[in-house]
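Should a chain be cited, it is by its letter among A, B and C, assigned in written order, with residues numbered from 1 in that chain.
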Amino acid sequence: MSGPSLLQAGKALMVRDLRLLWRRRGDAFQPALFALLVVVLFALALGGEPQALAKVASAVMWVAILLAGLLSLDTLFRGDAEDGSLEQWILAPVPLAWLVAVRVLGHWLTTALPLILATPLLAELLHLPHDQLPVLLASLALGTPLLSLLGAVVAALTVGMRRSGILVALLALPLYVPVLIFGAGSVARSAEGLDAVGALLYLGAGLVLTLVLAPLAAAAAIRIALH
Amino acid sequence: MNPVLLWFHQLGSPPVFDRFAARWAPWCHGIALAVMAVGLWQAFQVPADYQQGDSFRIFYIHVPSAMLSLSIFAVMAAYSAIALIWRIKLCEILAMACAPIGAAFTVITLVTGSIWGKPMWGTWWDWDPRLTTELILLFLYLGVIGLYNAIDDRRTAARAAGFLAIVGVALLPVIKYSVVWWNSLHQGQTISLFGESKMDASMALPFWLMFVGVQFWFAGSLLVRARADNLRREAGKDWVARLVAQP
Amino acid sequence: MSYLNYLIGAYAVFAVVMLWDLLAPRLQIRRELRAARLRKGRAAKRAQPVELSR
């Protein structure tokens, strides 16, 4: 008897993840609220003056969303690690990397996508110039999947650990740096009147590469972490 | 025994409270709707402001909501304190029922304030003390709601969230003061909510009607939400089973 | 300048939030009572003696 196809297994996993999230749907707002709080903190620290905020708005947005994504990494594998499902993943007839990829996709849809949708609102609080908004959204659309994929590798490495909080951040942030540079940099370039397409293309290329490599790396990391 | 005291004690019994809330909540909402309808109708009778035009009428929703968003937090903290000190279950329920209502009015305050501000100041948002403190108040409400939902045991959850409400209400003046102090460092940003117009009698009437109306609304919503939480906690008990007809 | 759109927007937000506040707990009560009814039905079925036959 042949096992489930990739598509069947992927769909089953996605449906399960979404159903579990639906039961705790209040939690889905937490990353967006965290990003909002980071925006508030920056606004208060910078003095709240519209001109000053407008200059740094895109950078603050990028940092807020990056940090919110970082905090939500914990939920990526922890639930399954605790109840033993992760070991079943290793034994499953479908490739572990595929399951990881589907899990990361679901995670991105439910944590990063709400953040991107909230971006116009948060950007307004920071008085972001309106002509920068499209580039910001484009950079986030390309950058947040990258962050999720890279974060998945780190989350997989630390999945067995008890209190990995700050360690996850310390491990993931260096990996995030290129994404942040090209992402926030693209908006900064467009603000100066230069072409942002170059930076966005770099992000896109990185995304394609990471889409292939990160699930494989995360799968290897899970095998390491669970032994 | 003193009849008032007796009634008070009886109300603490879940089935008695369920009947009380089921009976009185519709009345509270009904009175609220009636009073608010009159209030809003009056709000449109008032002549348009010479500076702000018709958008001034947003005031009649914005200000009562803002006042309620603050008073509900205080009520929530009071119920929580009673619940923590005297361990009265009903007060736990009432305290937690306050949170979503307070959050709703805070959202109304923030959004209507933002909409009112756009034609007035040209911007949807400004980091001035009142707006900033109101936004932080929203976070405090969401924190109480989030904590209450995060803990499985209802009594522990209510006590923890109630404690958070008390800490919040104690820190709220500090937060307000700090934001005002911060704002004083950056002069030139003070925005007057009331503008040029002073409140004369004809303009005050709709405001007072709305003020009274939302208070009744709060009472009604409090009773309904408390009733829902009460039923949820008492699920499986006999009196709940007696409430429902045989399937 | 037309302030009407802003006015409508603000009052619409007010109406929507109040409507949510009105309906959400009532729906929850309905859910709780329905759960109680189902529980009662299950308990009644359990109480009935099951006929054993050989």
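One rule holds for everything that comes next: a residue touches a chain if its C-beta (ideal position, glycine included) is under 8 Å from a C-beta of that chain, and two chains touch if they have at least 3 such contacts.
Quantities reported herein were computed from a predicted structural model and do not represent experimental measurements.
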Relative to chain B, chain with the most remote C-alpha centre: A
A-B or B-C - the one linked by more C-beta pairs in contact: B-C
Innermost chain by mean C-alpha position: B
Chain centre separation (chain A, chain B; CA means) in Å: 35
Centroid distance [mean C-alpha coordinates] between chain C and chain B, Å: 21
Residues of chain B defined as touching chain C within the complex: 29, 52-55, 57-58, 61-62, 65, 100-101, 104, 107-108, 111-112, 115-116, 118-119, 217, 221, 224-225, 227-228, 231-232, 235-236, 240-241, 243-247
Complex interface listing, chain B residues touching chain A: 123-128, 132, 135-136, 139, 142, 145-146, 149, 179, 182-183, 185-186, 189
Complex contact set, residues of chain C against chain B: 1, 3-4, 6-7, 9-11, 13-14, 17-18, 20-22, 24-26, 28-29, 32-33, 35-41, 43-44
Residues of chain A defined as touching chain B within the complex: 26, 30, 33, 37, 40, 43-44, 47-50, 53, 124-125, 127
